[in-house]
Amino acid sequence: MQVSIACTDHNLKRGNGDHSKQSTTSPNVVNQARAKFRTVAIIARSFGSFTPRHISLKESTGKHTGMKYRNLGKSGLRVSCLGLEQLMTIAYESGVNLFDTAEVYAGGRWVRSSLVITTKLYWGGKAETERGLSRKHIIEGLKGSLQRLQMEYVDVVFANRPDSNTPMEEIVRAMTYVINQGMVMYWGTSRWTAMEIMEAYSVARQFNLIPPVCEQAEYHLFQREKVEVQLPELYHKIGVGAMTWSPLACGIITGKYENGIPEASRASMKSYQWLKEKIVSEDGRKQQAKLKELNHIAEKLGCTLPQLAVAWCLRNEGVSSVLLGTSNPDQLTENLGAIQILPKMTSHVVSDIDHILGNRPCTKKDYRS
Amino acid sequence: MQVSIACTDHNLKRGNGDHSKQSTTSPNVVNQARAKFRTVAIIARSFGSFTPRHISLKESTGKHTGMKYRNLGKSGLRVSCLGLEQLMTIAYESGVNLFDTAEVYAGGRWVRSSLVITTKLYWGGKAETERGLSRKHIIEGLKGSLQRLQMEYVDVVFANRPDSNTPMEEIVRAMTYVINQGMVMYWGTSRWTAMEIMEAYSVARQFNLIPPVCEQAEYHLFQREKVEVQLPELYHKIGVGAMTWSPLACGIITGKYENGIPEASRASMKSYQWLKEKIVSEDGRKQQAKLKELNHIAEKLGCTLPQLAVAWCLRNEGVSSVLLGTSNPDQLTENLGAIQILPKMTSHVVSDIDHILGNRPCTKKDYRS
Amino acid sequence: MQVSIACTDHNLKRGNGDHSKQSTTSPNVVNQARAKFRTVAIIARSFGSFTPRHISLKESTGKHTGMKYRNLGKSGLRVSCLGLEQLMTIAYESGVNLFDTAEVYAGGRWVRSSLVITTKLYWGGKAETERGLSRKHIIEGLKGSLQRLQMEYVDVVFANRPDSNTPMEEIVRAMTYVINQGMVMYWGTSRWTAMEIMEAYSVARQFNLIPPVCEQAEYHLFQREKVEVQLPELYHKIGVGAMTWSPLACGIITGKYENGIPEASRASMKSYQWLKEKIVSEDGRKQQAKLKELNHIAEKLGCTLPQLAVAWCLRNEGVSSVLLGTSNPDQLTENLGAIQILPKMTSHVVSDIDHILGNRPCTKKDYRS
Amino acid sequence: MQVSIACTDHNLKRGNGDHSKQSTTSPNVVNQARAKFRTVAIIARSFGSFTPRHISLKESTGKHTGMKYRNLGKSGLRVSCLGLEQLMTIAYESGVNLFDTAEVYAGGRWVRSSLVITTKLYWGGKAETERGLSRKHIIEGLKGSLQRLQMEYVDVVFANRPDSNTPMEEIVRAMTYVINQGMVMYWGTSRWTAMEIMEAYSVARQFNLIPPVCEQAEYHLFQREKVEVQLPELYHKIGVGAMTWSPLACGIITGKYENGIPEASRASMKSYQWLKEKIVSEDGRKQQAKLKELNHIAEKLGCTLPQLAVAWCLRNEGVSSVLLGTSNPDQLTENLGAIQILPKMTSHVVSDIDHILGNRPCTKKDYRS
């Protein structure tokens, strides 16, 4: 299970207050986990209160923070353009379970209503019945998430990777079922091709079921094609939006690999052997050279390289939300600062970055002309 | 009510541990029944841990046991290729009720999600409203099963025998209803003809309802036509799979009737008069002669005749699961050993068996040429 | 092309009169061909005029002739229970083309309205585009038939043999198209399995297209399974009826092969080698023995063996029409006489015949009990 | 208007005979144009008679020629794997109009039924109403084609380039309309993206309209991605097939640009300035180097470079038909010779070619692993 939270600043103040009332009952481990969570909450809160300008604005902006709120695809769900990934998972895996989610939930429904909580259905687990996107696994998997989270519903459930062994009709019917049962508000996909998403849409239309609203995709300076070319077409045609992950390319864009693989970095871990290989490859070294150049731009804009990288993702208005993967409070604060850099991402700056990267994909329009 | 369980090995160990905690509260009869169940659980557990090879494999294999996991028809539900039939029914009829099913369930949701539990709707009961597959009986019958099982849902409900007195539209609408209510994940048929299943499918397509995923059919060395000729065409056309029962032909294939009807055998019981007649008939004696020859093959492969018979069923990859009917722990262990014999079912061996049986059905292809 | 005609006696007199008016304009070859046709027409006419008894009768009877009129499947089209096959084809292949069909048609719409003309789409021709039941071939094939026949429409077009290389949706859409264009009134199948017909029906229901009304199948004393077991279920479920051909089993039931293969018989021809082999096989000799016994029954009833065989087909009320294949006027007259024998096909006689044949198929009902 | 013909050899002889009868009435220009056409017809005829091997073969082969016949996508329409493009257009633009198409048609319906004639709807014309794929333009455009061709229908109409200014629903409704009017048998797309085709399919399923059967795409040694990666997925999901054009890459693969741009070549023409630039670019020179290497392979196989290039396209069994663009009789004869080379395209040869080209696209499977 992986749970993502996209914070909104609406009512967070009151929500946080409720949290503290309950903290006396929490054991030690939980306190540590909550510490992380609280950091986030405090940061989020410090952004200031949100002032809606006009109800029909496609994008609206937090008053003091510059945080942007965008619709998830063509759905009506409004999400902050920066979201948190894995934080709750990390807490959960440290032993926090009921408590932690109760904390989020304890504030009552009005807190819940200002939070967008998503979950993802992974498959390929040990149990045979948890392999794939069968109706059973979709329903059981989501029930399991809700039980662990002690929540009545999540906002979006993502089907991670397509499953060619389950008929698309079964998948879409099951997603429609969990929505109609109130277990989830919307459903999305993760790592699906545009054509697979179109197939899901097509089946939904054929049988009058509910189509997906969003695709989760990798998106950063060195991986652009899908989010910049394919997903916009999907958005235009069927309203499916983009939520992106890995804005720092698994840490590559932090600059920490500039001079090789430091000890204690992710790439030095055994299970990240593939990352190490990528970094030390010829392509990897070219990337590091480009990052140096990008660092100059960041300096000129008065921000760090990661902030530039996140702001660069955010400049793409087709992206509903950029998921931040860090669990380190300092890094999180740094990343969130990207919001302030966003106004500086002028077409001139973006064009300079494109020039350095040399990987701006041809959009369909270019291609045809 | 008859309940079938297709075990998966995921977490069965933990599940079993939970069982023992509860055993202090169980009465004597229950203990006997549970003894049986525990045997099964222990056997199941001994299969070892499952190692996925490739995520898109149609069939996957348990590491130490060779147990195969297959999709149920074209649905996404993965079932072990051997399933247990009647065990829970036997326990239930011995007085076990709440307890026995709670035992399966006790481990919590994560255990449930790794078990595939099916139930069957029998009809023709005394009460007039229990006669047939009316909407009322489908809903009431399934509710009754769930209540007796103390389960929130079963995975597959089978409609036993078609009911020509209820319009197919009513049957398919009721099945769609119980699925949409969360009482069951999929529905299937049992002892329906291919044409009746096509009719159900046709009605489902006409009214945008949910079609069946599976037919339960008799299948053993002496009964091949339906599973080998008709159901493959159904699978190809509409994705309906096959789950089979009676792999030992009501005990005929155990060899125990080789020299007549022993006392204390099923065929010596009054209610099995028809079985006795079948065995002592001319056809019955011819079958016994063939079984002697098959026994030679079994000896060469280093297995028993029942193991050969079960492995022979499993060699048919169109069969999602073979239900084992025995409730005798020793026989069950023996039957489960068929998995080890499966790799020895080479085309040469299968061809030898066909030669002895002399009943290989013409497939459609043969028929047309 | 093969065209079948099911005569009705309604207005045939007047129709025939019109024919003779035009005969002065016909060339010699045509006259010969017409001679055959006229023979049929005269015989048909001699049956006397048809007297409808009650409009809702499932089966009605010609007053003097005993000719039965039955609905084609559950459609509203009423056809004589005996139909002619190949006659027009033979004429056409002897060089008759425009003229012969004009003769049928010349009488005007009122004659046409009393005739049921069917055609069959064969495929597997030399031209690649004529291979299979593509939309192109269905439309072109039927247009070709109509042009050759100089008819505005035929009553039923049969798709001969299923075509697994063309999607069923394409076949059913094309059939619906030719019906909606007025080129044909109904469509049927020929040599399709029950399951293939169900699939066509299912597709028709899913996409709101027109389902088939009739299957053409082989049916005679030695081939019973499909027409007596499978098609009744289809009729019951989806209203598809049966039109049968080869009531004399390619001449086997005439008795002429009783003492081997006479010269000048069909089985002595090179292209009928398979028929010869069938006749001289062990099964073939058993059949001849049974035919001798059946001949005794025929004698008792005061008819010939072929008449008995045709009447036996007609006794099956699930058969809408039995197509007679002969083009020999005397044999045709003989075969048509079966109508008079029909009332003598009592359950006692039918049971005697079953006893001799020993091939009465288990109906589903028997099987289940 | 551009018309493509996929010849079948059935009855072409007779068709050709009819042509000569009419030639006395044709003006000079027409004779020249017909000369071209006749060449084709003669070549086509020389393919010899077709011998069906097995009725259910997915691909069938002409007896003497090795010409392959394949289904157009998953439709039932069978087309020769080589088709002619532009020939009729050239004739038409030389002043031939009624006559030329009548010539094809003159043999009567039986000739028409053995020819597959396609047309393409271009848009972007001067008249405002001819801009785009509006219902008005689809219907008027097709009517115009039929009138110019003096044909009752064409087999496939292709919508050239998608039109983002017309709602997809309108396009699919209009295509369904012209099919239901009998003006065309199937519809396809040309230069549409996979996603646009999925959208058309999706709309067809939503509103029970007729989906497209085929996409026309550029495909040659230097352009592989779409036909080898995207269209196979489309075929698998929704049955849409591929018809390809430009097998010689606008003449680049003939080898004639090996030493620069010869006078009188297409690339020396003003309107082909873009082609010239492509050839003399760095990429263009790399391509010429690769062509030299490929020429060695061609020599080993005993064929010319263009023959190798066409055979290479044909080796892809996902391609229903490769359209040949040449109008030069000698070149056409040469290109048609590719059929004889096809059996020599072993996996070894194909792998050698891949090695030289260095552009084998990753299939989805590769991508995911």
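For clarity, chains are labelled A, B, C and D in written order, and residue numbers in each chain start from 1.
We adopt the following convention: a contact is a pair of C-beta atoms (placed from the backbone, for glycine too) under 8 Å apart; a residue touches a chain by one contact, two chains touch by 3 or more.
Chain identities (UniProt): A, B, C, D = Voltage-gated potassium channel subunit beta-1.
Since the model is a prediction, treat every value here as computed from it, not as a measurement.
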**Complete:** Chain-touch separation of chain A and chain C, in steps, is 2
**Asked** For the sequence-identical pair chain C and chain D, what is the superposition rotation angle on Cα atoms, to the nearest 5 degrees?
**Response** 90
**Asked** Does the chain B and chain C pair touch with the same residues on each side or with different residues, judged by whether over half of the numbers are shared?
**Response** same
**Prompt:** Whole-Å distance, chain A centre to chain B centre, using C-alpha means?
**Reply:** 44
**Message:** Report the inter-centroid distance (CA atoms only) between chain B and chain D in whole Å.
**Reply:** 53
**Item:** Where chain C touches two or more other chains, by residue
**Value:** none
**Item:** Chains grouped in pairs wherever the two touch, ordered by label
**Value:** A-B, A-D, B-C, C-D
**Message:** Which residues of chain A touch chain B once you look at their complex with the stated criterion?
**Reply:** 124-137, 139-141, 143-144, 147, 163-167, 170-171, 173, 177, 180-181, 207-208
**Fill in**
Residue positions on chain D within touch of chain C in the complex are 8-11, 49-50, 52, 55-56, 58, 60, 69, 71, 74-80, 109-110, 112-116, 155, 179-180, 182, 185-186, 208, 210, 239
**Asked** Quick one: in the complex, what on chain C touches chain B?
**Response** 193-195, 198-199, 201-202, 205-206, 230, 233-234, 237-238, 364, 368
